[in-house]
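Take a look at the following structure, please.
Chain lettering (A, B, C, D, E and F) follows the sequence in which the chains are written, and residue indices restart at 1 in each chain.
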Amino acid sequence: MRPSGRQTDALRPLSIEPHVNRHAEGSCLIRLGNTHVICTASLEERVPPFLKNTGKGWVTAEYGMLPRATNTRMRREVKDGPSGRTQEIQRLIGRSLRAGTDLVALGERQITVDCDVIQADGGTRCAAITGGWVALRLAVNRLLKANAIQRNPLDHPVSAVSVGLYAGQPVLDLDYPEDSEAGVDANVVMTGERMIEVQMSAEGSTFSREQMAVLLDLAAQGNGILAQAQLTAVA
Amino acid sequence: MRPSGRQTDALRPLSIEPHVNRHAEGSCLIRLGNTHVICTASLEERVPPFLKNTGKGWVTAEYGMLPRATNTRMRREVKDGPSGRTQEIQRLIGRSLRAGTDLVALGERQITVDCDVIQADGGTRCAAITGGWVALRLAVNRLLKANAIQRNPLDHPVSAVSVGLYAGQPVLDLDYPEDSEAGVDANVVMTGERMIEVQMSAEGSTFSREQMAVLLDLAAQGNGILAQAQLTAVA
Amino acid sequence: MRPSGRQTDALRPLSIEPHVNRHAEGSCLIRLGNTHVICTASLEERVPPFLKNTGKGWVTAEYGMLPRATNTRMRREVKDGPSGRTQEIQRLIGRSLRAGTDLVALGERQITVDCDVIQADGGTRCAAITGGWVALRLAVNRLLKANAIQRNPLDHPVSAVSVGLYAGQPVLDLDYPEDSEAGVDANVVMTGERMIEVQMSAEGSTFSREQMAVLLDLAAQGNGILAQAQLTAVA
Amino acid sequence: MRPSGRQTDALRPLSIEPHVNRHAEGSCLIRLGNTHVICTASLEERVPPFLKNTGKGWVTAEYGMLPRATNTRMRREVKDGPSGRTQEIQRLIGRSLRAGTDLVALGERQITVDCDVIQADGGTRCAAITGGWVALRLAVNRLLKANAIQRNPLDHPVSAVSVGLYAGQPVLDLDYPEDSEAGVDANVVMTGERMIEVQMSAEGSTFSREQMAVLLDLAAQGNGILAQAQLTAVA
Amino acid sequence: MRPSGRQTDALRPLSIEPHVNRHAEGSCLIRLGNTHVICTASLEERVPPFLKNTGKGWVTAEYGMLPRATNTRMRREVKDGPSGRTQEIQRLIGRSLRAGTDLVALGERQITVDCDVIQADGGTRCAAITGGWVALRLAVNRLLKANAIQRNPLDHPVSAVSVGLYAGQPVLDLDYPEDSEAGVDANVVMTGERMIEVQMSAEGSTFSREQMAVLLDLAAQGNGILAQAQLTAVA
Amino acid sequence: MRPSGRQTDALRPLSIEPHVNRHAEGSCLIRLGNTHVICTASLEERVPPFLKNTGKGWVTAEYGMLPRATNTRMRREVKDGPSGRTQEIQRLIGRSLRAGTDLVALGERQITVDCDVIQADGGTRCAAITGGWVALRLAVNRLLKANAIQRNPLDHPVSAVSVGLYAGQPVLDLDYPEDSEAGVDANVVMTGERMIEVQMSAEGSTFSREQMAVLLDLAAQGNGILAQAQLTAVA
């Protein structure tokens, strides 16, 4: 039924390759089917002005796409600032990673997680959150090893997956052909059993509480598998 | 328990004054407590390029805030394009109103809904959706009266309300003091019994499926009251 | 003779409603016929760099228009900075209010007057100056009441009115249909009997010293009435 | 009494050198004391969209300053569009030249007058109008010679001069030291005996009808001399 | 003598992996030591306006760097357009590739070569030209295979290499530590035995004709090796 | 053979007029045939942040063109920052002048050289370097006369000239008609017998080592004449 022939509750083939960048404090290349994202975590020993002298750190994120990550070449976003879509995504990644970070344990330093899509096939923001957490964790590991921090500010992995109603059916991890046809789609960010963010929306349609429940069940299942892969990558 | 002394399930005082702008095809001033938003609907007999010759129309939205709508004066957004927050909000308003509109029945024309906050006290995006639908409906009424369209492209009102966990308690329609302290907050856009968009997020926290359910119940109750006021305003 | 049926020396119906914004130190809504402008005065206890440690304060102004303030919806000025017209107007408002303010008596603080046109029908810059002075005065009153300043830095009201040659006749307070047809038009800013700024210009035409004199007489008459209304509003 | 030792009613030494640019259809270098402006008129056989198929032409102007035209080096205006001051000036130049042009006689073509200040010492906008008219006239002469137009669209020269109250005295043609101290200053654009634009303004001061009259007399005298020099330059 | 221990005439380890992007018409990942660049060639069946109806095609290039390609994280170029350095590089890449392309044989179509540096260690613009030609050639191969063009518009490979005076010694293929210390450095773009572009410059130094000759010999040797690798990659 | 009838090794008529700007610390107007450039040197007693407390000074350059410097009027570069071409040129001028300056002898101060083309006919960047050095030297002379510096930071003049292959022939100092047709062209910056920068490039063509040698000989000859004129101008 799905264009790719996958089961409705099947993730795409997943790989997370750590340490792909020699300069960054943490990095990985996450591949979820044909969606490929390079994630790097950059550490700075300073915080934004509003956190100065609070003892708290900060985690923020930026998101980009190479021009030919997509089927048709896109213009570079070089002139008018990041587009609304780009800003929405990088705010989501930042909020999600912060929700899973003990900013006091991190101390007064900032980690910037860059997620750059080198090839896209749907679900790039979810892959960015999942890969971004791995890069973040590798940077934190380095801080722990150097005794720069005493306590690990990260607990359970933070991961995200998309779910949606495609051809009337609830499906997990939509690829681009599904995403562009789905009546309802959602991004669900989780850590362990709990949720950090749910964005479920219908374009030209609506959904009921029952449909929402089924989709959230699927997302929980997908996020469980992603969390396992994240733990393996940072081990 | 709430700073305003309201019950946990109480909306703020609500008024929707229609026809506040002599130029616009539809307009209203919505007041939800101290949050005041002017909404205008502007009709153009043309559609964006991707809809040309499809027979379908378009509804889009823009959002702004006067510099002193807030407690501290904000800079005007005149140079670098609308901020990420502004773009996120205007995309949400547009998606929400389109989800409640039969774009084929509207025909090849575009309605732009401008939502300008003249005084803010939390919940401006929800007030903008609720008031925006009223302005949209008044513009559609004019098309119907002029026989420019045969069928009403709008059905149930589209409204939105915020809910959240404040001091651990689920509350309806957060004002600014609550919003800035809430561990979890959500905007829920509905039409009749069904949902159009749910954005629930935790900053520095998480939430369970049970907490989510309670919040969605509160939102459904609030949206029911808003829909009544919308119908009265356009009658 | 005039499209509105007014006498050549008649102002449009005028109302100035003070205290329309709960956050601003001073505010009003001025209505001159169908031209409606919200004016707010925002106080900050700091001055621009060039005034630091001079003991002198500053008054500045910004001007905006909601997109549907006009008959045809205008684009928001969000990307390339305020247009030439907007900058010209906000510089005029700032100069005019400063000319009527004793900046030494104000002390090292800045008041920013925002004038936002919510509905336009000609004469918006003049209405902005007239309403802006009311907002400014209300903010100053608050400083006086709090004993933050000893001496009132404001004396006579500063007001402005447009005059012009419409269909060859000198007329007072041009509305949009007149303004777009006038061969000569002028904005005259006054305080008491004296002038602060006169901008008289002809597009595709010229004017004599005699015509100028008649127009300035009309303007003096109009500004006298505006000053009365300003004093009533701030009483 | 004046810093330069000039009489109160004396212009600075004036020269207008025509044909200084081999590419432009018309050009001159105007020197008014130490204020030097290169003016070029560029002809295009097209008009702005709003004039298409109206049979009418257009005259527009742009204004610039080399970074070291002034005593202290200024930043180039390369990023955020022309400043408010620059836009105000170029709008004034354009309006002034158009007021002295019969746009129907010009026919459907556009002349852009560029006024670039290579050295500044006050009064640059007035020198730009005066020199700009010379460039414009030389371009028009070429059209007449080529029989591209039948009727001369230009009549009397359009010129401009500054006047002001310096140290309480009315003075003609303010240089920079006077301009920065003047309580009231004005730019007066004239053609023959009639006025095209008067901008008289006080910063931190006011002026009476009597003072205005004296200043306008001075301006008329100065503009008479400028017109003679313009006619000589284009002969 | 060299920080890396390389011989003065040794290139860094080189690999060119073709077909790394499933969307692009041609693509490769070029690695020259720790400098890694993704190159994609995007084909469009349209040309820039100045080539319409000339029968000639166009090749253009864009260049970017991921924020953490460098040792210290750089800001994304999202607001003020590409930096001067970026523009200089992408103009160089475009000119170089065009010099090696028969634009008439290409026909009226455009190929855009994007070169995105995912890790940098000096010599990125040279790697971009070398890898960019491979991507371009793979896109052209596809056109040939589809019989869209009759004649191969590409002949010898176009490649580029840096040379310079490091610690007084002529060296080939400078890495970042060498590049930042070199008194003279040059980028030499070649095709076969002939040169397309030589940019040799000294910062705070000068060079003689003899030194220039030695450096150009080194460059010719390096470009010979690069050309072999390019041919292997596209075979 | 050349459009201008010049010998292949002949410069255009050259004049360098010093002291053309009363505000600048150093200035000249250089005319090379119909290419005319105003160069000013502006001194500031501060350096860019990266040089603070190093005892070293800085020389930088900016480049501009009046809109009608060229045959067809160009748009002003006021909105999106200087174009790639402009930035490339101003970086080249700055590098060239710095290479001929002992920044330690200059001391912690910055000199900004502005090169503004008032009329263009090819070779503007070379004229800007040659004239820019004169302005720089005049500003340095003033520092020496005031005993602000002890040692002259400038030695031999820095000059630049273009050479190229026009109609297959090596020619010196290309004017616009030659420049737009040349298969290979180069800008050669020299001081005394040594080179500072060579940029030789072919668009749609290639060149051999032998051709390069002939062109560099021509450039050395041209730069020798320019250096003499520079020394005369600053004497």
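Here is the rule we use: a contact is a pair of C-beta atoms (placed from the backbone, for glycine too) under 8 Å apart; a residue touches a chain by one contact, two chains touch by 3 or more.
Nothing here was measured: the structure is a model prediction, and the numbers come from that model.
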Quiz item: What is the minimum number of touch steps required to go from subunit D to subunit E?
Solution: 2
Self-check item: Repeated interface matching E-F, over half of the contact pairs identical, chosen among B-C, A-B or D-F
Solution: A-B
Practice problem: Mind checking the centre-to-centre distance between subunit C and subunit F? Centres are C-alpha means, answer in whole Å. | Solution: 51
Quiz item: Between subunit C and subunit D, what is the separation of their C-alpha centroids in Å?
Solution: 28
Self-check item: Chain centre separation in whole Å, for subunit E relative to subunit C (CA means)
Solution: 60
Quiz item: What are the residues of subunit A that contact at least two other chains?
Solution: 79-82
Quiz item: Chain sequence round the ring, subunit B first and subunit C second?
Solution: B, C, D, F, E, A
Quiz prompt | List of subunit C residues in touch with subunit D within their complex | solution = 80-84, 87-88, 90-91, 95, 98-99, 103, 191, 193-209, 212, 216
Practice problem: Would you pull the subunit A residues touching subunit E in the complex into a rising list? | Solution: 21-24, 27, 34, 38, 40, 42, 44, 62, 64, 66-71, 73, 76-82, 112, 114, 116, 118-119
